[in-house]
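First subunit A sits with subunit B, and in the next complex the same chain sits with subunit C.
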Partner chain A sequence: MKRIFEVALGILAAIGGFVDIGDIVFNTAAGATFGYGLLWVVVLGVGGIITYSEMCGRVAAVSKQPVFDAVRERLGLGTGLVALVAAQIVNLMTLAAEVGGIALVLQLLSGLPYRALILLGVLALAVVIWVLPFGWIERVFGYVGLCLLVFAVAAIKLHPDWGEVAKGFVPHVSTESPLVYGYFAVGLLGAAMTPYEVYFYSSGAVEEGWTPKDLGINKANAIIGYGLGGFLSFALMITAGALFLPLGIEPELLGTVALGAEIPLGQIGLILALVGTLFAVGGAAIDTCFSGAYNLAQFLGWEWGKYRGGAGAPRFTITWLVLLALGFCIVMTGIDPIMLTEYSVIFSVVALPFTYIPILLTANDKSHMGRYANGRVANTLGIFYLLVILAVSLSAIPLMLLTNMGQG
Partner chain B sequence: MPQTLDAEALKKQAEAIESLAAEGALVAGDVSEGDTTSTFVRVHADALGKNAQTVVAVLASDQAKPAPGLSQAVGRAHALARSVRADLAELEDLPSSEAAASLRGRLERKADAAKRLAESL
Partner chain C sequence: MSTSGELDLAYGVLDHQLVDSEGRRCGKVDEIELEGKAGAELRVTALLVGPGAWRGRLSGPFAWFAGRLFARKVIRVPWDVVESVEAAVHLGKTASELGLGRDDDRWRKRIARVPGS
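Up next, the complex of A and B:
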């Protein structure tokens, strides 16, 4: 029973970590632009994040080595430093976008001034991170983030053409606007496989003291948790495809996403969508904040971990506080969080190989992992996804420039 | 310095007007049926109105120099954008149910007009 409970909690945490502002924006925009035609890309992305999260969770449980330990060991100091800088830049952009997203949702709920809500949001995050134990942070944001399931109900209530939805799961390329389609496909993959997810996942496994006995939980968390995250992505895309596409609505605001739940379900749909978004984005802000601190501390060999407390890991604690302050400053410049999200997702795609290659090498190293090293299935999937990652990382920036960020 | 507005660029602006008007109509519909919150309507209509203002600014005669043969279409798009902006401002002021229903109809018609304009380009 305890194990089932642990899996359930892990699943909730994975949902909170998977669905962030990047997923919400890209899935809704993709649905409003191409209907259900990009659903298969979500399946591909979810498969990728499951494959690599399972690997890095296994590495953390067996060797206590989180991702950036592996990055430094496998890539060496020079290339590892490049990976660290790239990861930190993308992390900070994502953190700032999430902080902006929190303020936008709070504004839609309260009507208070946006900048005051940025400050309030950042202070609330700092207090939550400082006060709540690691497990409770995961649970609170994961549980309440489940309100996003309202989009699944909304999608059903909007009566989409289920035949067309089913066709969307079959891989294909749009002949109408192939470049824009490619841009959205790359963005959806980037949003699903955002590197901070694995930084947080592997470091969280160490924080929670996983051992080889927890490998079953690791696998269940990765498969069911990210699978449910993917389910939420389907719901957002189907809602947008059924509601916004026929009306020619181009979603550029978080309020538009919430409208997708309000139209079929009324006020209760709106409130659940906004609260779910607030906690999913808030959870992602905490994940990215921690991820930045984990990466730096692991790379430089500092003491790290929320479980050690402020005095036990002072440089780690200062790092996450500084990152939170930097995220606050970036959003206070007035930059549009939605635009920042799109940039952060596309740039994270470019940084993907630096994260995933070391994970694959470490998980496949028998001298390091012993009998827990990758088997044939894990290696086949790992290599397949590595090829996908390399292809999308090379095409991300050209597609962004050629399509004017998906505007055509 | 005015920028030349070709058919492709004008089409994008017309599609943006269609999007804003259609979304405004959805919000107005929920206001008329009491299926939303006043805070959401106020904040979201304000954000939509700011986007409409951006379109108005792009299409303004001192900003846009229409490509040959497009003067009339640019003028129509500009008028539509200003009208949608005004409707969104009205929505932001939380109209009564009856007024919201009427606003919804107006915005739907403007979304249709913008769509036709975009398709004609």
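Up next, the complex of A and C:
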């Protein structure tokens, strides 16, 4: 019974932890531009993150290898270093975007000046990371992030045309403005499969001391947790499609996104939407901050892990502190966090193959994985998604330039 | 290690994580030192660890940057200290006995002063 309870808690945390600022921005913008027409892309992206999270969680439980350990082993020093630099740049951009998102939400809640709130947000993050144990960080942010379910209620209250919604789940291409449609499709895939999610997931499995006994939990967290996380993405897109598209509103501010819950549900809807966003984005800020430190430490062979305590893994601790400070400096320049989010999602798509190829190779290596190596299903899905990712990563930047970031 | 009991140095040892006898992560196998000559038997004598060991394996702009950013330090871990080769390379001595993880040791004292670490 206790076991089932633990699994349920892990799944809840995964649902709340799935959504970050990239998902919020791209799902809402896609809904406001194409209605429900891109829902199938979210399904595709969620399938990808499930496939690769399950794989890297299994590798971490069986061979104790997190992602960047595998990157260096499989790609070698030179190519591995290219992968590391790319990952760190994208990760820092994402971290900065999340920190900016925290400040934007705090501003909507309090009305205080933006820059003061950036400082407050970063200090709060540093204290939370320093004081709370790993499991708690994941759970607190995951659970409160579930307030975003208010968008599911909002979506139902807005009485969307469910026939149209159902059609959105059937893969198709818009003939009206195919390039902009393609740009949003790439962004939605990138937001669902953000690379930090697999860095964090695999290192988290080592943090929590997973062994082959935990492979059931791994499967449940990846499939049910991320699967239901995708449900939050649907809710955001359907709300935007039902509300913003008919009114011709382009949600360029986080406040506009929250309106999607306020208009059908009133003040309580607004508050739940803002609190949910705050914790979802705050959790993602911590995940990205740790991910950057995990990657560097794992590539260079340093001791790492929150479970070692601040002084038990000194260079790891310093790295996350430095990354948080850099993220702070980037947002303090006044750069628009929403624009930064778009760039970080698109560039992350370009860096994705470097992450996925080593995971697939390691999960297939019987000398490391023994009887837990990939079976036929994992390999078929793994190769399918690798091809999707390669196609998407080649088209990401051309589409961004051709469509002027989705403006048409 | 492969199932046949052979050891693949390039894929099974080079660039792998080093773990000391107390379970501490203490660097990567950055280079492998071999003894012998062409046409004769080769023998692994040591694993080399540290920026000075991996710098030479890079080329282009990375080599230039690494030369400026990192010291030339190389630590030699004698091959007979290696206990087992799995996904990580496990050593039979502690990191401090082998001179590994010195930078972590240096920073540890400073961080330990902060409450809650």
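Criterion: the second predicted complex is superposed on the first by the 407 of 408 C-alpha atoms of A that agree within 3 Å, B and C clash if a C-alpha of one lies under 4 Å from a C-alpha of the other, contacts with A are read in each partner's own complex, and residues count from 1 in each chain.
Going forward, a residue touches a chain if its C-beta (ideal position, glycine included) is under 8 Å from a C-beta of that chain, and two chains touch if they have at least 3 such contacts.
Everything numeric here is computed off the predicted structure, so don't read it as measured data.
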Going by the contact rule set out at the top, does A:131 touch subunit B (first), subunit C (second), both, or neither? second
In the superposed arrangement, does subunit B or subunit C reach more residues of subunit A? C
Looking at the overlay, does A:314 come into contact with subunit B only (first), subunit C only (second), both, or neither? second
Would you check which partner chain A:252 touches, where first means subunit B only, second means subunit C only, and both and neither mean what they say? first
Answer with first, second, both or neither: which of subunit B and subunit C does A:209 touch in the superposed model? neither
So, A:398: does it touch subunit B (first), subunit C (second), both, or neither? neither
Can you tell me which positions in subunit C touch subunit A when the two form their complex? 1-3, 11-12, 15-18, 24-28, 30, 49, 54, 57-59, 62, 86-88, 101, 103-104, 106-108, 110-112, 114, 116-117
Per the touch rule above, subunit B residues touching subunit A in the complex are 12, 15-16, 18-19, 22-23, 26-27, 29-30, 33, 35-37, 39-40, 42-44, 47-48, 51, 111, 115
Touching residues of subunit A toward subunit C in the complex: what are they? 63-65, 69, 72-73, 76-78, 80-81, 130-131, 298, 300-304, 309-315, 317-318, 366-368
Complex interface listing, subunit A residues touching subunit B: 107-111, 247-250, 252-253, 255-256, 258-259, 262-263, 266-267, 270-271, 274, 407-408
